[in-house]
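Labels for the chains are A, B, C, D, E and F, by order of writing; each one numbers its residues from 1.
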Amino acid sequence: MRILVVNPNTTEAMTDSMVAAASRYAAPDTEIVGVTPPWGAPGIEGSFEGLLSAAAVMEAVTTFPGRFDAVVMAGFGEPGREGVRELLDVPVMDITECSALLACTLGARFSVVTTIRHFVPIIEDIYAAMGLERRCVSVRATGLSVLELEQDIGHTKRRLAEEARRAIDEDGAEVIILGCGGLGGFDKELEADVGVPVIDGIVAAVKMAEACDAYGVSSSKVNSYASPRPQHITGWPVASAGGPNPGEA
Amino acid sequence: MRILVVNPNTTEAMTDSMVAAASRYAAPDTEIVGVTPPWGAPGIEGSFEGLLSAAAVMEAVTTFPGRFDAVVMAGFGEPGREGVRELLDVPVMDITECSALLACTLGARFSVVTTIRHFVPIIEDIYAAMGLERRCVSVRATGLSVLELEQDIGHTKRRLAEEARRAIDEDGAEVIILGCGGLGGFDKELEADVGVPVIDGIVAAVKMAEACDAYGVSSSKVNSYASPRPQHITGWPVASAGGPNPGEA
Amino acid sequence: MRILVVNPNTTEAMTDSMVAAASRYAAPDTEIVGVTPPWGAPGIEGSFEGLLSAAAVMEAVTTFPGRFDAVVMAGFGEPGREGVRELLDVPVMDITECSALLACTLGARFSVVTTIRHFVPIIEDIYAAMGLERRCVSVRATGLSVLELEQDIGHTKRRLAEEARRAIDEDGAEVIILGCGGLGGFDKELEADVGVPVIDGIVAAVKMAEACDAYGVSSSKVNSYASPRPQHITGWPVASAGGPNPGEA
Amino acid sequence: MRILVVNPNTTEAMTDSMVAAASRYAAPDTEIVGVTPPWGAPGIEGSFEGLLSAAAVMEAVTTFPGRFDAVVMAGFGEPGREGVRELLDVPVMDITECSALLACTLGARFSVVTTIRHFVPIIEDIYAAMGLERRCVSVRATGLSVLELEQDIGHTKRRLAEEARRAIDEDGAEVIILGCGGLGGFDKELEADVGVPVIDGIVAAVKMAEACDAYGVSSSKVNSYASPRPQHITGWPVASAGGPNPGEA
Amino acid sequence: MRILVVNPNTTEAMTDSMVAAASRYAAPDTEIVGVTPPWGAPGIEGSFEGLLSAAAVMEAVTTFPGRFDAVVMAGFGEPGREGVRELLDVPVMDITECSALLACTLGARFSVVTTIRHFVPIIEDIYAAMGLERRCVSVRATGLSVLELEQDIGHTKRRLAEEARRAIDEDGAEVIILGCGGLGGFDKELEADVGVPVIDGIVAAVKMAEACDAYGVSSSKVNSYASPRPQHITGWPVASAGGPNPGEA
Amino acid sequence: MRILVVNPNTTEAMTDSMVAAASRYAAPDTEIVGVTPPWGAPGIEGSFEGLLSAAAVMEAVTTFPGRFDAVVMAGFGEPGREGVRELLDVPVMDITECSALLACTLGARFSVVTTIRHFVPIIEDIYAAMGLERRCVSVRATGLSVLELEQDIGHTKRRLAEEARRAIDEDGAEVIILGCGGLGGFDKELEADVGVPVIDGIVAAVKMAEACDAYGVSSSKVNSYASPRPQHITGWPVASAGGPNPGEA
């Protein structure tokens, strides 16, 4: 099968990292392709960039020049999932949701270690809306923005480990979720370090996408994710309407 | 004060109706101005159009050529509010939220009467996320899309009254919320008909905006609605980046 | 319009303060009148005094010698609201409820700073019953009783600021609610001090009352707040039944 | 031990019925005494009468001329319990709470059959505040007011049985709670009729009071139910302050 | 009446202690008899031993050679209650549930002090499933396993008091529940020490069983606790099927 | 990898069916082996048989004569999962949990169609404990016991389709979960019939087990699922202790 991994931000290097992370544990016959939105922010640091991404990601998946059997949305805590599910007939897996679903099968309580404090209430609210308020015992921020994660890898690892240990010792976490699509590569070393399962949501989403593909199930088209009725959408897609051209940006 | 009423869809006539609805009960010294997003769908019928609107509305409010003291977001059940709160320093009131807040002061239970069935779980989820799951005893759909509401006014009124009465008799509703920004004018006649308070969210949002302005309070800038850090946003705003020009569309 | 502000305790000086607080941000054509219950406690420090107040306040509003268009109940965390809504046809706004409704439009999380520890679980329970358990991240007590608040204004301000800062830094509050009807005057200085919106519930309730009056909506009379059926109430109202005469007390 | 059963309304005949109901299953060495509030409504039909009762009941228990070891509050869905717990050192059991606690040990789901529709949301809210929203699958009203229950006993029994059967068949109830202090005598015949346990809250509260007395535990005095600090309460108690004299009423 | 107290573990000495604890506050005409499961673990330290106990306890109560009028299940946090309720027609009281029900009538918030950390999430989840998540403000572990409790009584008392005090001071507990069937004798001394009611669940369950017996109510047989349909259960009961013989073990 | 599928009941033919269902969508390199508990009930119809199964399944997995890399527990709504997770180091997937996790990625609301009414509150409670109370909009019973499902396949299919359609039309379900381990083969035909995704939990659990195996994650051993401390368990395992011998049964 072919999975389209969608980076929510416009940083191509991060798309490449996400494709690499998605490929690590993919099945042998799974092909991973990545896509970068044609417009938007280089790093998502709150609702403004997140909502831009939601629209740009809908554009990216509907204008993608190629076939794919499932989508993995690789932004942690980003909106847009419901729109993509309406637009497509293939399964749409989201790293925020899939990482938690997998965590629920591995431990009674989990914590998220994320980038900046701004995302703490956002992620808390997402998991509360999923009914996981009691199982998600804490969301902890390292204080490093998504674009700073790669600047000093050693420092990033230390901060992740510090917050993960506090989550385990003080909050009762039994599983750690990496709360950023850009933290993909850090899972196994951190797991060895802190002694509990550590989940990279991209892996969780890829495996769920593979599961749906094997089972032959996809988004229900009955109500919430029914296909949009045809309407003339002014200036859409943005890029082909004369808008920003990703090749020029 | 000056309130900017933001229509989520691109139908100018509906912007005019919303401005009219917002003006009905505004204070004498409140000026209402409307804005139509520069791109997007003529009517919002689900998450796809709603998420487009979120981005286009963020563009509309940040590129609006004029001063305003508060924003009223006039899409019922639409996303985008958090992004607009981050981008602006003035109060941002949303008709979905404000109609429920007002309803809570008038009755122990309320119901929403909305357009199409697609919005039922969306609105249920919004009010559940607000903690109002038990107070919002039902969300009922008339089956009329936003663009059909004005086609046969008599039929629209009858369907609203039918569903409102069922909500009162069968579900225990004590207040009715009109679940669409395009239902503004129907409140008082329906209220007289069914005998419980009927709330048009645009009015509720205008009054909340006036309250904030008088009291001198606005969105907290401490965490969730902190202003975005400066980043170069590729192709943003869409219109001035060479994207769809609302004048030409 | 004319708003009747009801002090829950029998301390006339506090009624005067509440009227002053209510008048600060009222619309030009809003007249504020105050009423002190004819019997009860000089300061409400728990459920005993609160429940006395509920009865005495119902007496105060039904025997008030004058017209009014709305009621503002100025006791924070006090019961009685539902009874007053049954008895009257005008809107009845409560500072506990209205301060939280306004807070919800300004930030994703709020905290309450109140008087004594006894009110902490009471206020927690009220907001949990409103569905706001997750948004009300803490209720913090200064340890000062309502009657001590005015004794050393400097000390009161310092204690408010200390607890507000802890709420912001440790609990994640983005808005602060003043959790006592006697804290009216402290909002703007505290807001300047701690950097997040600070809400005096009396202001919030006055603005909501004005909103209802302008919109022409009031308590639903369908079920929960239906007018009581006529019954002979023994010894009621208490004062005219030969009970305590507020003029003599 | 000696249990003081407190009727919330002023109808002496109902106090007698409640004493009889309380005595039916009391332990041999338990003495039941009743008290009627010195003022208030002959029948409680909503929040107005309920809140009057809360104050009058606090007066009744604190001025009762005699010793007692526990209190049973016999109004279903009435407020006032927290105030009585503050005022007294003995256990205070409430029929609304105790009937549900007992029901929880007998079945996975229960329903309440009560008097008039007005109490439906009130009782729903009480059980939701207790965390029993899912276990209390329905609150059903017979449409008979408390004062009508005794007028046509056969009709009352039929209506109770009809609603109880619907609760079992349609709502999944496994236990029925009689939702009115005046329904005491109807439990065993209804239980034989519908085939599930039927609980009279007065019995449940008497047995819980006996349990506390035997175990030597009473209300915690640490925070929520700490004794009120001494204050001069104007016009309190109402009766001795020259207010309504129950002997004259 | 005759109450069968069921120890979940196979340690006979602990059965004796539980019988003693159950007898302390039982009514004069209540006879307490104990039973030890015919197979299982000497001390229950997690779900493995707990689930073994559930099966062995079902065997113990159905093969018990004697009459009884009610069952008290004396394992704190152990499963098995629903099965025992299906199998028997008499009331089945569980110390985990009954201690919390009693606590709810004595204070607005309670905490549990238990043995080892492993039980903390288990007990949290049980009370959350009962709807008591907000009232159970903390579950605190002493770190002493059930079999260590009796080794150094002074140390056990000190650890209980330390954790109880923290629960009161830091978590807002107003009542303390002893979170282990083996902590029966420690209630009154701890209560005198920390100044809030302390509940031994065995006492609570015995008093609830007496209440049901006096009232003549037992488990509803309508749905959740309906008697199992006759089936041939292979190798059941385990002991008589040639399995472990408690006399030989 | 090798997955051990555990039938909760003693009917060998059903174990075979479960192995077949598990094999349908397994990866090419996944080997499915089944195990039947050595003692217990031929069909699980409530908590009694379910709790027996929990113990017998713990025995089956710990005495299984062969290697396996993951466990799939194939009883819908059965307990025992936590004990098996403590006892093993490999991932333990449960069809009740995994079917819901998968359903959550495919639709906003799901319903369960199960066997007999007895399981309705049990399944409701399981999903409520998972936080999915709002997403699981109904649990519907066909009235057919697990052993009757195979007796008249046509009738079983009709009843499944009837209840699934009601769930979709009346309850708002967007996905259907087959609520019994014995309903494995009915998914795809029902899906074609009713037009929404239909999930067989065994498939969901197999795919989750494969995902964990590929990713190299398993149950956290930090707290809830820590391995039991060594204790002498009397009469355990039951079969080798001289108890029922599955070969003889």
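The rule we apply is simple: a residue touches a chain if its C-beta (ideal position, glycine included) is under 8 Å from a C-beta of that chain, and two chains touch if they have at least 3 such contacts.
Everything numeric in this text was worked out from a predicted model, so none of it was measured.
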Which neighbours do chain B and chain E have in common?
-> A, C, D, F
In whole angstrom, what separates the CA-based centres of chain D and chain E?
-> 29
Between chain A and chain C, tell me the centre distance in angstrom, where each centre is the average of that chain's C-alpha atoms.
-> 45
Separation of the C-alpha centres, chain C versus chain F, in whole Å, is 53
Chain F, residues touching no fewer than two other chains | 108-109, 120-121, 125, 128, 133-134, 172, 223-224
Between the chains shown, work out who touches whom and classify the graph as line, ring, star, complete or other.
-> other
Inter-chain touch pairs (all) | A-B, A-C, A-E, A-F, B-C, B-D, B-F, C-D, C-E, D-E, D-F, E-F
Residue ranges of chain E touching chain D (in the complex, touch as defined) | 25, 27, 91-94, 97-98, 101-102, 104-109, 130-135, 168, 172, 174-175, 188, 191, 195-197, 199, 203-204, 207-208, 210-212, 214-225
Enumerate the contact residues on chain F facing chain E in the complex.
-> 10, 38-43, 45-52, 54-56, 58, 79-80, 82-83, 85-87, 117-118, 120-122, 125, 128-129, 223-224, 226, 228-229, 231-236, 238-239, 241-246, 249
Footprint of chain C on chain A - complex, ascending | 120-121, 124-125, 128, 133
Which chain D residues qualify as touching chain F in the complex?
-> 108-109, 134, 172
